[in-house]
């Protein structure tokens, strides 16, 4: 290698390192800021109290409950539907212009801004289906939003299963159903689970579509059923962050920490499950 | 060949080849015994039976060649196996020639039966015995893949050459002294020459055995035969 | 004759003809080897024998493949049942990512064999594949932990556990080292007592060692078929001799 080539390669290496450091730098900055603001006010009381006009007494309990309700129903709708669609597209659907059109459009749908889903949810679930500003409406909207992501993740996971495995199963006289359910899906499961968990962890952090669908920003009760009104963590944080008082901003930071913990926890779970499945096979 | 080949089929093919060669060798030995007897007893009928047996040897030559060819084509033998198979081609040729030579000897015996014998054989029976032993040893060396036994065969060849020379001198003397001994003398001359050729063929077999076992090609290179310890 | 033969079989990828008008009969309880240079159509032909080509898009056939007198490409024939009778071993060993036991047991279980019979069936199949002595103490360990040669023997055990009549082998040794290859060749010699075997190999010496009948494929057609003994000592066609002596491809 000539000197000039060596210099060039060093520049590229240093440049890459610098970019990485800058990104992490900003992330670190955010973390430090949030932890600084939010840790002091993060307490057990904070977790179990309802929101109030008084920041000292405000808590995030209803938002936690609302998030749990919404995520539960979102998962119930999105996961089976998304996984089944992915399986159908990859293993059963023939390859013609129509199915290819659908495949391309699913990619598009995954990229549509969340607020559009919010408007869709408002029009279809809240008004037309007359579900009102309920947990159900919110869950259905979120389900629609993460559906494309789950379908794509499932498809990719199934595509990653080597054909030799299918051929081996067909070779011993298995039917398509047996091949798909006894071999392809178990093999694709780690990828599918990771995709599902990542999709759900995105949904947890969304505020805009739920605001449109009618999540309230001041909820001082626990939802007791799918038709109840609700709020979620993201919205509550948004609400507090917008108040003028410094104390509210601090508990907003506390909420952010909670949200970060949950999201990181879900990602960690995804990684752990994936690693364990890979080890087992 | 101590340990067995992984492929049972290959092992079987090699065994069949060896067995065919042994069958050929056994037939030659048996024909030689009968020839010896026919000569001593002046028995033309026995000689004629030997002549008819040569067809067995010829058929076996074809069998051995076919078997060896197939092993080469189908089994891709290497090293000692390859040397064994190529030796098989050569050994069966030697054995077939030996059959033809025995036929020639027996034809002369038939002719001799018509002519009156002048004096009893002196050296010829001993030469017959030596040649019989050489052939037997050469076949043994093949069966046992033994270079020691093969070396013994090579050593004996000297004695055969010696006896040939002695018989020739005796015959020349006889033919010079008795006019009507010439016809008989010439035929005995031929028989002696044939026996010498038989001995040469058995040394060929011994050389092939040494080639198979040691990979050494000692043909045409030894004047007085090598001692067992030099192999 | 085994029940397996082809009649004027041609195989197309789209409009391109890969195999043309091949009529071959496969003798029972013997090994038939299909040899020929790369791209001559022998693997395509082999896959047609148990309808594995069904999984290749745009692949179609004309002509017939008959098994026990019935054309396996008849619309009313269930290809799944065909593959239970005509099993396949592939070029690269592809055991299921399950335990050794599960690999052999899966097919029979799904085919409805009762679970009381399965353990003995697994043992028989592993013994017939010359693998039992090496794995009998670890049947529940992952199959992927075995060596390449062992994995291929496991795939053979898996195939014969279905008790097919015919075993198709697509270059089964090409991914293996010489010793593993020798073991599988020896195994094939034993298996032919119970199965009809058709093996595709690009190694003609292997065909010479292993088969009873050999067919030479070239450019999608069969040039010559014959008893292996005379095929390799005295082939009839010039193209065959050129291939065997390495005069081309």
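Quick notes
Labels A, B and C are assigned to the chains in the order they are written; within every chain, residues are numbered from 1.
Going forward, contacts are C-beta pairs under 8 Å (C-beta built on N, C-alpha and C of every residue); 3 or more make two chains touch, one makes a residue touch a chain.
Predicted, not measured: the structure shown is a model, and the values here were computed from it.
Shared contact partners of chain A and chain C are absent; no chain touches both.
With every chain reduced to the mean of its CA atoms, the largest distance from chain B is reached by A. Across the structure, the highest number of inter-chain C-beta contacts is found for A-C. Separating the centre of chain A from that of chain C, both taken as means of CA atoms, is a distance of 48 Å. Rounded to a whole number, the gap between the C-alpha centres of chain A and chain B is 93 angstrom. Rounded to whole angstrom, the centroid-to-centroid distance between chain B and chain C, based on C-alpha atoms, equals 50 Å. Residues of chain C that touch chain B in their complex: 182-183, 185-186, 189, 205, 208-209, 228-229, 232-233.
Of all residues in chain C, only 50, 52, 55, 57, 80-85, 87-90, 92, 94-97, 106-107, 110-111, 142, 144, 155, 158-159, 161-162 touch chain A in the complex they form. Chain B meets chain C in the complex at residues 6-10, 69-70, 73-76. Those residues of chain A whose C-beta lies close enough to touch chain C in the complex are 95, 164-175, 178, 182-183, 187, 281.
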